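So the structure is just underneath, and the comments pick up after that.
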Amino acid sequence: MGELRLTEISEAFPDRVEVRGCDLVGDLMGRVGFTEYVHLLLTGKEPTEDQRFFLDLLLVSIAEHGLMPSNVAARMTLAADPRSLQGAVAAGILGAGPVVLGASEECARLLEQAVAAGRDPAEVARELQAAGERVPGFGHPLHKPVDPRAERILELADERGVSGPHIAYARALRDAVATERGKPLTMNVAMPMAAVLLDLGFPVVAAKAVPVLARTAGLLAHLAEEQEHPIGFELAERAARTSG
Amino acid sequence: MGELRLTEISEAFPDRVEVRGCDLVGDLMGRVGFTEYVHLLLTGKEPTEDQRFFLDLLLVSIAEHGLMPSNVAARMTLAADPRSLQGAVAAGILGAGPVVLGASEECARLLEQAVAAGRDPAEVARELQAAGERVPGFGHPLHKPVDPRAERILELADERGVSGPHIAYARALRDAVATERGKPLTMNVAMPMAAVLLDLGFPVVAAKAVPVLARTAGLLAHLAEEQEHPIGFELAERAARTSG
Amino acid sequence: MGELRLTEISEAFPDRVEVRGCDLVGDLMGRVGFTEYVHLLLTGKEPTEDQRFFLDLLLVSIAEHGLMPSNVAARMTLAADPRSLQGAVAAGILGAGPVVLGASEECARLLEQAVAAGRDPAEVARELQAAGERVPGFGHPLHKPVDPRAERILELADERGVSGPHIAYARALRDAVATERGKPLTMNVAMPMAAVLLDLGFPVVAAKAVPVLARTAGLLAHLAEEQEHPIGFELAERAARTSG
Amino acid sequence: MGELRLTEISEAFPDRVEVRGCDLVGDLMGRVGFTEYVHLLLTGKEPTEDQRFFLDLLLVSIAEHGLMPSNVAARMTLAADPRSLQGAVAAGILGAGPVVLGASEECARLLEQAVAAGRDPAEVARELQAAGERVPGFGHPLHKPVDPRAERILELADERGVSGPHIAYARALRDAVATERGKPLTMNVAMPMAAVLLDLGFPVVAAKAVPVLARTAGLLAHLAEEQEHPIGFELAERAARTSG
């Protein structure tokens, strides 16, 4: 076995660290912000100003949303093992499944394929409805009739002139879903998140990486609070209580 | 049981999301970047310009460092369960233990106590040496005699005039450790990270939250790459190979 | 909210613990073995002698298989956080994905549906081949042309007279797969595991629970060894080494 | 690099699997039960009849205890990602921290050192009390004044004649703690579990491996139930509800 480069992302040497072909210490540190660095890590390139703006916007929009199940699970886990912040973060991240945060990945896949194939939104809506499945990116237990975060993302995409075919498709799909069902269904934050990422040239995989990174920040805030004001066991007790 | 506020961080309502007393959609989205939002989430306050600069700097400095054990574990986990990005991220984060990334938390605790108590660095170095324990924040398997990331953080702290008693203590401790051992020992990135956070008024808990968030970004980059160029099983096989 | 029973599995009272309607302390402890208890927990009933025998057999057959990726990931994780046995176990279990241990669940689902619908094995083999997908329960990187564990399970099922329609179907599928491909393909341990569980009346869900529980035992053995003879960092270094 | 044996536990070959020097397929499968196999995996030796009996007893005693925090966290995680049983198990296991299940490891360490050093139980109780710390193995939120599982373990250890110096020390410590505090404090299941394991020759590390393995079985039962009767989101909602 000879010389073999396993990863293109980074390599550490005794006197320097190379990341995506850049000198981490001499070039990146102090010059690029974390959001730009996340873009560089994920895609190999520094972001344009619009890519940076919307990456920031999406990370901010999705990082925190009250005492969600993943925050509850993380706080309960920290209560049981107060020394292991990383264990509690891991427990919380495991709750970022397709029902919750993974929807943005499904949305991105759906949008990418439908736009590339030039599919009729009405047909897509009909198929999803017929299959009896949860339509990715639609419906929200709390935000009705609209998810204000979703609307704000669309608005800013229009304002800054980045709305392209994927955002147009997301809107058309919303109308088609409403027509198919006979009444509107909330388009949640996952759909415009996926759409704007694709319109800005991000790969599909970013559509899940963004909410996972964002929610990690929210989890860390909850765990910092938990260390000062523990409620983890109280949360577990409330959950399991057999009478009100 | 009456009305009870369990968390001060955020609360979601049908038509809005409140985070740290701010309106997420109407105020924060599009105005603050992710780094500023992380600060707001963790501490309840928006950062000063220096706090923002150094939070960015530290997140960038620690997010990625080659094919580290946590990246290897995450890639192996994704290979075994390609649909579960969050499972692979969780597996990687579980490797952010005290030996690796938790050192910054130990450094922060050590610095905070030593500075508050006005302890003699020589005495602290002697005690750590006598206890035969790994000295938190010192030593690195690769970066010798200096960790270039650590030096750059100190340099920028001086340049921007934020170096205070914790950075001064970190430097004094480095000299004391060298004297005690009779030769220099690399001060790794964990120590100046902890020192600059404390000098900027961050709580001790931030000293672990920062590297956990940063490494999540690195993990997501490795997992995006793994989805395109899988090496997870190859890594596992190399690790377990009984002959070279 | 009135009285509400959330789970049928167990409930703890100040002076006793009730599990599946039995008195844990006064009845089960000291009378039933762990394998019988696992059956009671999972299904609500104590096992027949055959159910107990094969549950033991399957747990033993699948618990350990050398330095597998999940064991490697767990040992690397313990090296980074030596105090958190549970974190290392969790990291290892996360590698029990569909590519590795989840195959038994896919096998159980396939067998259950095919037997219930009376489908022609040749047709099923043709479809799987045509779909170009990995056929669940077939193929093994090491065990060729047969997986000795799989053969032993079939043998014991025959010897003890428990082989039923699902085991018959597994064998027929093996022949059909060989015919379809023009050469034999190893039937791995996942397929007879699923088949014998179904023939003994276990639910499909048991087909994944059994390997997860079994592998936890293997992980715990590796982590006990790791605590005495640490190789975690060595494994990570071998995996990431860029030249042989 | 020449031939190197990394682990003594097992090795897989094309036609066989060797575990602790035994032939898995030809010897162990069908002959040993899972509990005996767990002993072999963990210690390298098959258990005596007493070791097998108490390993079964302890695994049964600790596997399940109602809707505990770890079960709640696991069910919430499965609700968010219904395809990932292993992710939900991992989330649950992460809650097996020192406050909950790790206490048995602390108990084993305390007992081993105190018995080896011949320390006066009254002095140990005084020190623990003075340190103001939670005394490992004492106190229980529900089981008062006694933990029936703890009493049953002691009773069976006496009945079967395996009670030795560690069980004697556990009892003496209970009396000393009561004297020191002026009133009895529940000796919970962790203390006799640790004591009987040590008296039977198990290593300290087994004192944590046993509850982790046992709770995995409980978690799997809850997750099987969750797949049939989902309550995960309901549990999360109850936990986070701001008014009763």
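Letters A, B, C and D mark the chains as written, and numbering starts fresh at 1 in each.
We take it that contacts are C-beta pairs under 8 Å (C-beta built on N, C-alpha and C of every residue); 3 or more make two chains touch, one makes a residue touch a chain.
Bear in mind that the values here come from a model prediction, so they are computed numbers and not experimental data.
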Item to check | A-C compared against A-B, more contacting pairs | outcome: A-B
Checklist entry - If you list every residue number at the chain B and chain D contact, are more than half found on both copies (same) or fewer than half (different)? => result same
Item to check | Distance between chain centroids, defined by C-alpha means - chain A, chain D (Å) | outcome: 37
Checklist outcome for this item: Whole-Å distance, C-alpha centre of chain A to that of chain C, is 32
Next on the checklist: Just the number, please: Cα centre separation of chain A and chain B in whole Å.
Outcome noted: 22
Checklist entry - Residue numbers in chain D touching 2 or more other chains? => result 6, 66-67, 81, 83-84, 86-87, 90-91, 94-97, 102, 235, 240, 244
Item to check | chain C-facing residues of chain A, complex | outcome: 1-6, 81, 83-84, 86-87, 90, 240, 242-244
Item to check | Of all residues in chain A, those that touch chain B in their complex | outcome: 6-17, 19, 24-26, 28-30, 32-35, 37-38, 41-42, 53, 55-57, 59-61, 63-67, 71, 85-87, 89-91, 93-97, 101-102, 105, 142-144, 148-149, 151-153, 156, 203, 205-206, 208-209, 212-214, 216-218, 220-225, 227, 231, 234-235
Checklist entry - So in the complex, which bits of chain D are touching chain A? => result 66-70, 72-73, 76-77, 79-84, 87-88, 90-91, 94-100, 102, 232-233, 235-236, 238-241, 244
